[in-house]
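Next come the structures, one after another.
Below are two complexes that have chain A in common, paired first with chain B and then with chain C.
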Partner chain A sequence: MKLEMGYINIHDIQFSNESKVENGVLYVDQDAVKKLVLEDENIKSVTLDIAHPGESVRITPVKDVIEPRVKVEGPGGIFPGVIAKVDTVGSGKTYALKGMAVVTAGKIVGFQEGIIDMSGPGADYTPFSKLHNLVMVCEPVEGLAQHDYERAVRFAGFKVAVYLGELARNLTPDETKVFETYGVKEGIEKFPNLPRVAYVHMLQSQGLLHDTYVYGVDAKRTLTTILNPTEVMDGAIVSGNCVSACDKNTTYHHLNNPVVHDLFEQHGKTLNYVCNIITNENVYLADKQRSSDWSAKLCRLLDLDGVIVSQEGFGNPDTDLIMNTKKIEAVGVKTTIITDEYAGQDGKSQSLADADPAADAVVTGGNANMVIHLPKMDKVIGMLDYVDVIAGGHEGSLKEDGTIEAELQVITGATNEMGFNKLSAR
Partner chain B sequence: MAVSFVILTNNPLVRDRYAGQYSVEYQEGGYMDLLVRVRDKVHAGHKLLTHPLSGSVKPNETPYKSVMISQKRGTMDLGSLSVIEEAITACRKFPVRYEGLPQRVLEDFQLVDFTLIDSAIPSASAF
Partner chain C sequence: MVKEIERAGIPVVHMCTVTPISMTVGANRIVPTIAIPHPLGNPALTHEEEKVLRRKLVETALQALTTEVEDQTIFEPKL
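Showing the complex of A and B:
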């Protein structure tokens, strides 16, 4: 499957009376965007704001981050099974607006979390401080249940991202890249001497605020299966995961999955990138057994030499991670896993809730328990009401002077388990 | 279909929603108290059916936890024991932060814990 990605660099966002992209500037017609969002009768109001890199701005509680894209050629559309029809995506031509994102925010439940600081020490921990962000704070109608509110905010983000992506349809990209993987036999013939490598991508799938959707299907109710890597670039996987800000995979992460990106960099040079294997992280232990059995079965069936396994979350997913790793190693396929750590504030405790000698190649995104201090920001987009009760925060986290003392896990994307972050031991 | 599981919980919402529908053993207490109760049941020969660290809300940030175990007892299941022991070890890393939370926040924690255990029901009822 072959996909051409066209990148359109955005270096500024401004409100205007017409939505358009011109000379790298995204102009946004607020009224048009609001009208689109308010089509959903569950949303009472939406406030739009723009946050630029380097500004003294704090965005919280962040629900999702989304990069606008548009399908220019080939079957299907962006976010298949969610916004577009369910046609298989990942081939043809897609354009992306780079350097910017749509950020959704709102207090769906009373312990909401997710901070993006656009400047200061907090900005160093999140990749989203480097983007121009169009932030949408959605307020629900009175009495709306949390499930419905979460869904409404999630869909509002996707709709606006698709609306903005559409503005790029007739533009000429600043940069173009082609990504291609091959059928099993074709790949072996093309790269007979290269190791066959796949990406085992674990998807959060536990319940309200803990879900991921594949072509619109709740990942909880899926069996381990195969995707062409380019399908994710068209939004085949979207996030409904709003908990654990530091290591949740936002939709932006799924669209720009760094494991996919780096495997493509090596594809045809040092390895043959065969496919993605997606699997879930259910709470029911027999589901874990079934899903990890299938991961190993598919790895063997595809005659892989090695896989990279990434997990999403802490605790329950650690068990899936280790089950996948043990079973895949047991069928003769080498594994490298990506995780983050909850090693205590002093970093001295065991990092994961499960372990096994077979997991002997591990990449970490950092210790989410590390305590950080965030200075006051001049402007807050969203609300600080619940900083004291968010994951990684505690009573007294939010100081009277507007500073925050909390664990790193409050920051969106800080210890991302796809490796989409900057923390390093160096 | 015979329902062959028991839900151990300290979450009043789980108790109330499942009343008359599923077998629920409710007992007040903290997150760690619930995990210790689960371990006692595993020692007594019940099998663990759901992961005790379900959910991304960290242990002791939420006070609520619901865990599904088998109704039947057999010899002690070492796999279950390993998972619950690891969960207890992991829980100790997290200081208790749920004391003094406003009622609305507590109710949201209850709801999320309910949806986590509820996500296991279709799987548990499948055979």
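Showing the complex of A and C:
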């Protein structure tokens, strides 16, 4: 399957009376966007704001981050089974607005949304401080159940991202890149001497608003299966997650998955990138056993030499991670895992809830319990009501002077387990 | 907690859903439960059915508590 990605660089966002992209500036018609969001009768009101890199701005509680894209050629549309009709995506041509994102915010679960600081020490911990962000704070109608509120904000974000992506349909990209993987036999013939490598992508699917969707299907109701890597670039996987901010995979992460991009970088040179294997992280032990059995089964069936496994979240998903690793190694396929750590504020506790000698190649996104201090920001987009109770915060986290003392956990994307962030021990 | 209480000489049954973690951390008597968000109940059942379920889980745990073990042992409840 072959996909050409066209990148359109955005270096500014401005409100205007017409939505358009011109000379790298995204102009947004607020009324048009609001009208689109308010089509959903569950949303009472929406406030739009723009946050630029380097500004003294704090965005919270952040739910999702989404990159606008548009399908220019080939079957299907962006976010198949969610916004576009179900059709296999990942081929043809897609354009993306780079350097910007749609950020959705609202007090959905409160303690399970995150913080994005656009400047200061907090900004260093999140990749989203480097983007021009169009922030949508959505308020629910009175009495709306939490899961309906989550769904409404999730869809509002996707709709606006698709609306903005559509503005790029007739533009000429600043840069294009082609991504292609092959059928099993074709790949072996093409690269007879290269190791066959796949990406085992674990999706958060614990339920109770910890959910990921694949072509619109709730991942907790799926069995481990295979995707062409380019399908994710068209939004085949989206986030519906309200979990600890530091290691949740936002939709932006899924669209720009660094494991996929880095494997493509080596594809045909040092390895043969075969496919992605997606598997879930459910709350029943039988599900964990079945899903990890299937991961190993598919690895063997595809005659892989090695896989990279990435996790989402922490705690009991550590067991899914270890089960996948043990079983895949047991069928003779080498593994490297990407995770993060909850090693206590002093870093001296056991990092993962589960462990096994087979997991002997580990990349960490960092210690989510590390305490950080964030200065007061001049402007808050959203509300600070939840800083004390956010996962990683504590009573008194929000000081009277507006500064915050909390664990790194509170920052969106800080210890991402796809390796999207830049935390390092050096 | 399981290990510290046992260290003080009191036998412990660890009732939990993710038994592999219980094995990794070294519990000796383990009873598998229903699901992580609701280990000792099942919202899909009626109240009457749930009471039967709970009783079986607790009885399995009590049985485990009074059984001598040589090694880490999982006691499957007969549900």
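Observations
Just so it is clear, the second predicted complex is superposed on the first by the 424 of 426 C-alpha atoms of A that agree within 3 Å, B and C clash if a C-alpha of one lies under 4 Å from a C-alpha of the other, contacts with A are read in each partner's own complex, and residues count from 1 in each chain.
The criterion applied here is as follows: contacts are C-beta pairs under 8 Å (C-beta built on N, C-alpha and C of every residue); 3 or more make two chains touch, one makes a residue touch a chain.
Nothing here was measured: the structure is a model prediction, and the numbers come from that model.
Superposition model on chain A: chain B and chain C are shown in a clashing arrangement.
Legend: residue contacts after superposition of the two complexes on their common chain; A:Ala353 is shown touching both chain B and chain C.
Greater residue coverage of chain A by touch, when chain B is weighed against chain C, goes to B. With both structures placed on the common chain, the touch criterion links A:Tyr273 to neither chain B nor chain C. After overlaying the two complexes on the shared chain, residue contacts for A:Trp294 are found with neither chain B nor chain C. Touch criterion met: A:Met323 reaches chain C, while chain B stays clear of it. In the superposition on chain A, A:Gly344 makes contact with chain B only, not with chain C. By the touch criterion stated above, A:Tyr199 is placed in contact with neither chain B nor chain C.
In the superposition on chain A, A:Phe128 contacts neither chain B nor chain C. Overlap of the chain B and chain C interfaces on chain A: residues 206-208, 283-285, 288, 316, 318-319, 353-354.
Remark: chain B residues 48-51, 53-59, 61-62, 68, 83, 86-87, 89-90, 93-95, 97, 100-102, 104-105, 107-109, 111-112, 115-120, 122-124 touch chain A in the complex. Residue ranges of chain A in contact with chain C, taken from their complex: 206-208, 283-285, 288, 316, 318-319, 322-323, 353-356.
Partner chain B is touched in their complex by these residues of chain A: 109-111, 146-147, 204-210, 220-221, 241, 243-244, 248, 282-288, 313-316, 318-319, 342-344, 349-350, 353-354, 369, 386, 389, 391-392, 394-395, 409.
Chain C meets chain A in the complex at residues 17-21, 24, 32, 34-37.
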